[in-house]
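Structures are listed in the sections that come next.
What follows is subunit A paired twice: with subunit B in the first complex and subunit C in the second.
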Partner chain A sequence: MRSLDRFNHRGGWALIRNTWQSWLQHRGFFFLLAFGWMLPMLVYLFIWSAAAGDGAVAGLTRGNLAGYYLALILVNQMTYSTTNWTVGDNIRYGGISAWLLQPISPLYHALSQEIAGKVVFMLFSIPVTGLLALIVRPELSLTAGQALLFLPALLLAWALRFFWGYWLALLAFWAARADSLLALQDSLIFLLGGHLAPLALLPTWMQPLARILPFRYMSAFPVEILTGLLSGREIWLGFAIQAGWTLLAVLLTRLIWTRGVRHYEAIGG
Partner chain B sequence: MPQPMIQVKDLTKVYRVPERAPGLKASIRSLFKPQTIDVPAVTGISFTIAPGEMVGLIGPNGAGKTTTLKILSGLLTPTRGSATVAGFTPWERKPDYLRRISMVMGNRSAMNWDIPPLDSFRVLAEIYRVDPQTYRDTLDELIALLEMEALLKKPVRNLSLGERMKCELVGGLLYRPDVLFLDEPTLGLDVAMQRRLRQFLHKYNQDHTVTVILTSHYMADVTALCQRVMLIHHGQLIYDGALHALAEKLAPFKLVRLQFSAPVRDFEGFVAKFDTVEILPQENGHPTLRVPRALIAPVTAQILENLPVADLAVEDPPIEAVIDRIYEEGTV
Partner chain C sequence: MHYIKLIGLFFKTSTQAEMAYRYNFFIRLLNAALNLATGILSLVVIFNQVETINGWDLPATLALLGVYLLLGALRGLFIGPSLESVAGMDGEVWKGTFDFTLLRPVDKQFLVSVRTWHAFALVDLALALGVLGTAVGMMGTQISLMGLLSFITALSAGVALLYAALLGFSALVFLNPGFLFTWVINDLFQLARYPVGLYPGWLRLILTWVIPVGLMTTIPAQALTGTLSPLMLVLTLGFTLAALLGSGWLFRLGLRKYASASS
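Up next is the complex of A and B:
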């Protein structure tokens, strides 16, 4: 018999298809969830548009703001990790035992939910954002260079947000309600990740904080690239910070997973 | 003797459990200085099981049955002792090991509830890398044995408990494991479904020489399936051997069921004359006595002579009652 290793892509792919089918059973729920995530962004779009009037705030016109927030709606949904909320439950209620007993890395289960979820959300969000664009009329001068840089920034933003939330969720091995940390992460993204306001509109003392902490790189950073808000130097510096945080998140995930499973084996699921 | 499939030596598992007194003050104190106590779940258990053997692991709730199965399946690391299953150390959880064992739990589902079982089976086949031909053959065989053709396309959520258990078994056997750990597989099932699953397990075990450890609260499962039982009590293995020998060893008494043709005054007083005879709780208004084997003749003679007996039956105690007595007394 061929030796098995934990990185089993065939099994992983089958899991993705399966999760996707199962989630489509509940698409109504996920569409409502996606709609709920859009609303705050739309509220802040209207507030800042009103503030801009026919002029601009911090250099952003109504059309710029519309472009920024529509892109943010999509980026937020592509990077938001619903999986992290369920990982904690799985650990608390012992569902993780079934994962540990399979000859495949449990990360595949989490990733399959991530990928399947994104497909389901996009089925809803892309058409709705398209419709919204007809109403709020974004101004977006997209260059090929911006589009090209946007993609890796988006991918890293997803990876950073996923792994950052994952290591927080894994603390459920020790503390039953570790998911409160996920709520804190969401609040910080809301505040410092360009949701409440584009970074340029934050108070001056808050801006350096937002640029150094990981939360901007989970959501606003790719949007800022796409909407042309950043200079070349700011983009490269941003990528460096984003990559650094992502690497740290992956390392923390590995460390906490190994320790957590050892703890789980000691106390029993 | 063939190489044993499962070899366990001096296996011990001690849980460290947080403990605090009730009340707000104690809960605040425990925030700063958490107290823990050590709770031994399994203490110094040793046994070996040959390939193809089907062994019943019995014991009251909290005796250490599930802990033992979790250690053997690799979900728990023991505090002390060693175990080898199919040549592997379980808690290393090597993929090659996981491929050879299966753990089916009656109280926990490994199926995705939103989609039909057939879809879940396909994913399992991919995860365990079962080649398409073997997958089709195995699935056909299991489906025929369990008579579950009609269930395959309904979402698991809409299946009954018994139907779901059939799916769990298919999922657990799809990759033809060599060792099967069954934790309470008939939990909550009706009598007919219990019997069907027993027949299935019996046939499957014969056809495929799979090694099985089964825990159950239903003695009928164990008597129907296992010639050998291991009895765990307070984390210790207090009996390991043939089931029928256990019953004989443990039941040095018989039951005498009585029916009277007229009311009897001071029956208790009459029975109290025999030191070692006990009156059991009544069923259907007829008294039952527990009588040591040696005293059966004199006791029944006395009863027949002195009491208005309509019917008298001498029986072996049901295995449940035997086990129950050990659970209470804690020794064999």
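Up next is the complex of A and C:
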């Protein structure tokens, strides 16, 4: 039985490169996905900009909002895990049997798709966001400190979102339609993860929820650091909560994986 | 009459096929609830912060959300699934099985538009009507007979425009079979969730007269709130007619270009 943490770095790297090169051949499809994820952010950027007018909403001017949402477009695509949507199918159709037999951690299959996805999505999103910046004119005062803190926050946000979705998707070992939980996760990220509105614009009853639950730490948190919306204390508290949820997600993934593989029985052949 | 009978048959067979997946019903119910909850919560969050945006208040925007959900439900009921089975991912044009569809002795545009039904979308339809009813109740004004008539006219135009847009984008698949054109229009349709008046001027023009997703929901909602000018209604009707003719023409052009995928 294959455990999740049997690492074979050379094999893993070959798999990663292979996946990303094959995905590049289907660019059009991935560009379309990236375009679809971008639109809702733009909708809410325009709505809040209209609400701000020439003034500000909750202290945010049009330029601030533009900076926030453009950064969010990129961060969201960096942290969004497309892989988790296919894990369930692999378990249902028995594709996972082949993974279990290979001498590398099955996690590499997921990682190779994750990295391939990011490469292809960024090929589309970085130029498009650049063009959008010419139209919506963001105001961004970036300090070196913010940029430095942004990177670990982004990496943790990706890890949290990936592992959180992965353990949900692994429930497919027991329930056939576990991927509907991923749709629920997407909705909660939309509501509480800073997509519908920057945290400061949420009603007072939603704000504590957003700060405690993991969803903000999957997308908005790095953006808030980058755009200078957080004080030093808020940043450290945020990192602590983010790391806590990430640790929990990793532990849950390990637990569910070992239980699931024991439970798993391939059908057909 | 023959055509109405056919639609009945298509609906029946599609529903029977769907009934085989009973658990899907609960999943769909969850998705419908999620969709409704996020839509309403979004408005709650926005109007918690401001009273009106560019003249749109909560009841008017909620009415527009109702129209959006209604159009989405109709799309999900038959327009979307039917066209998707031709032009979507793994659709007939990709696989080359469109040949068999072409051989059927019915009008091709009719056949590809009404062939597949998802009866569950009737639940979405009911939810959408509920949202519309709530919005009208919140407005607290009596709707005149004229207002109701112009709303129904505008709504029909919205449905026809949505159909024309979906058909037109589906027809493009014949010109470039590898690209998922239906996804593009599905993505753009999300912009119809809010009134075009909330978007910047350049985008408003595009969404009104180029890719008319804005017309589909904003005009019916304006009819309901009594802010629609008769001129705009007439222009919308004219534009709808042109879009229907244009997309039908594009579809026939596509059919002539179609070359089966297999040898």
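The rule we apply is simple: the second predicted complex is superposed on the first by the 259 of 269 C-alpha atoms of A that agree within 3 Å, B and C clash if a C-alpha of one lies under 4 Å from a C-alpha of the other, contacts with A are read in each partner's own complex, and residues count from 1 in each chain.
As a convention for this text, a contact is a pair of C-beta atoms (placed from the backbone, for glycine too) under 8 Å apart; a residue touches a chain by one contact, two chains touch by 3 or more.
This structure is a prediction, so every number in the text was calculated from the model and none was measured.
K.L.:
Looking at the overlay, what does A:Gln102 touch: subunit B (first), subunit C (second), both, or neither?
P.N.:
In the superposition, A:Gln102 contacts subunit B only.
K.L.:
For A:Leu151 in the superposed arrangement: first (subunit B), second (subunit C), both or neither?
P.N.:
neither
K.L.:
Applying the document's definition of touch, where does A:Ile212 land relative to subunit B and subunit C: first, second, both, or neither?
P.N.:
It touches nothing on subunit B or subunit C.
K.L.:
Examine A:Leu251 and indicate which partner it touches, taking first as subunit B and second as subunit C; both and neither are also allowed.
P.N.:
A:Leu251: touches no partner chain.
K.L.:
Which holds for A:Leu32: it touches subunit B only (first), subunit C only (second), both, or neither?
P.N.:
Only subunit C; A:Leu32 stays clear of subunit B.
K.L.:
Going by the contact rule set out at the top, does A:Ala58 touch subunit B (first), subunit C (second), both, or neither?
P.N.:
Touch status of A:Ala58: second partner only.
K.L.:
Please work out whether A:Ile126 is in contact with subunit B alone, subunit C alone, both, or neither, and reply first, second, both or neither.
P.N.:
It touches nothing on subunit B or subunit C.
K.L.:
On subunit A, what residues does subunit B touch that subunit C touches as well?
P.N.:
none
K.L.:
State the interface residues of subunit A toward subunit B in the complex, per the touch definition above.
P.N.:
Residues 1-6, 8, 10-11, 13-15, 17-19, 21-23, 25-26, 94-95, 97-98, 100-104, 262, 265-269 of subunit A touch subunit B in their complex.
K.L.:
Going by the contact rule set out above, which residues of subunit A touch subunit C in the complex?
P.N.:
Of all residues in subunit A, those touching subunit C are 28-29, 32, 35-36, 39-40, 43, 46-47, 49-51, 57-58, 176-177, 180, 183-184, 187, 190-191, 196-197, 201-203, 206.
K.L.:
Which residues, counting only subunit B, touch subunit A once they are in their complex?
P.N.:
Spelled out, the residues of subunit B in touch with subunit A are 15-16, 41, 67, 70, 73-77, 91, 93, 95-96, 98-99, 103, 108, 110, 112, 114-115, 119-120, 122-123, 126-129, 155.
K.L.:
Show me the residue ranges of subunit C that touch subunit A in the complex, using the header's touch definition.
P.N.:
These residues of subunit C touch subunit A: 23-24, 27, 30-31, 34, 37-38, 41-42, 44-46, 48-50, 53-54, 178-180, 183-184, 186-188, 190-191, 193-194, 198-200, 203.
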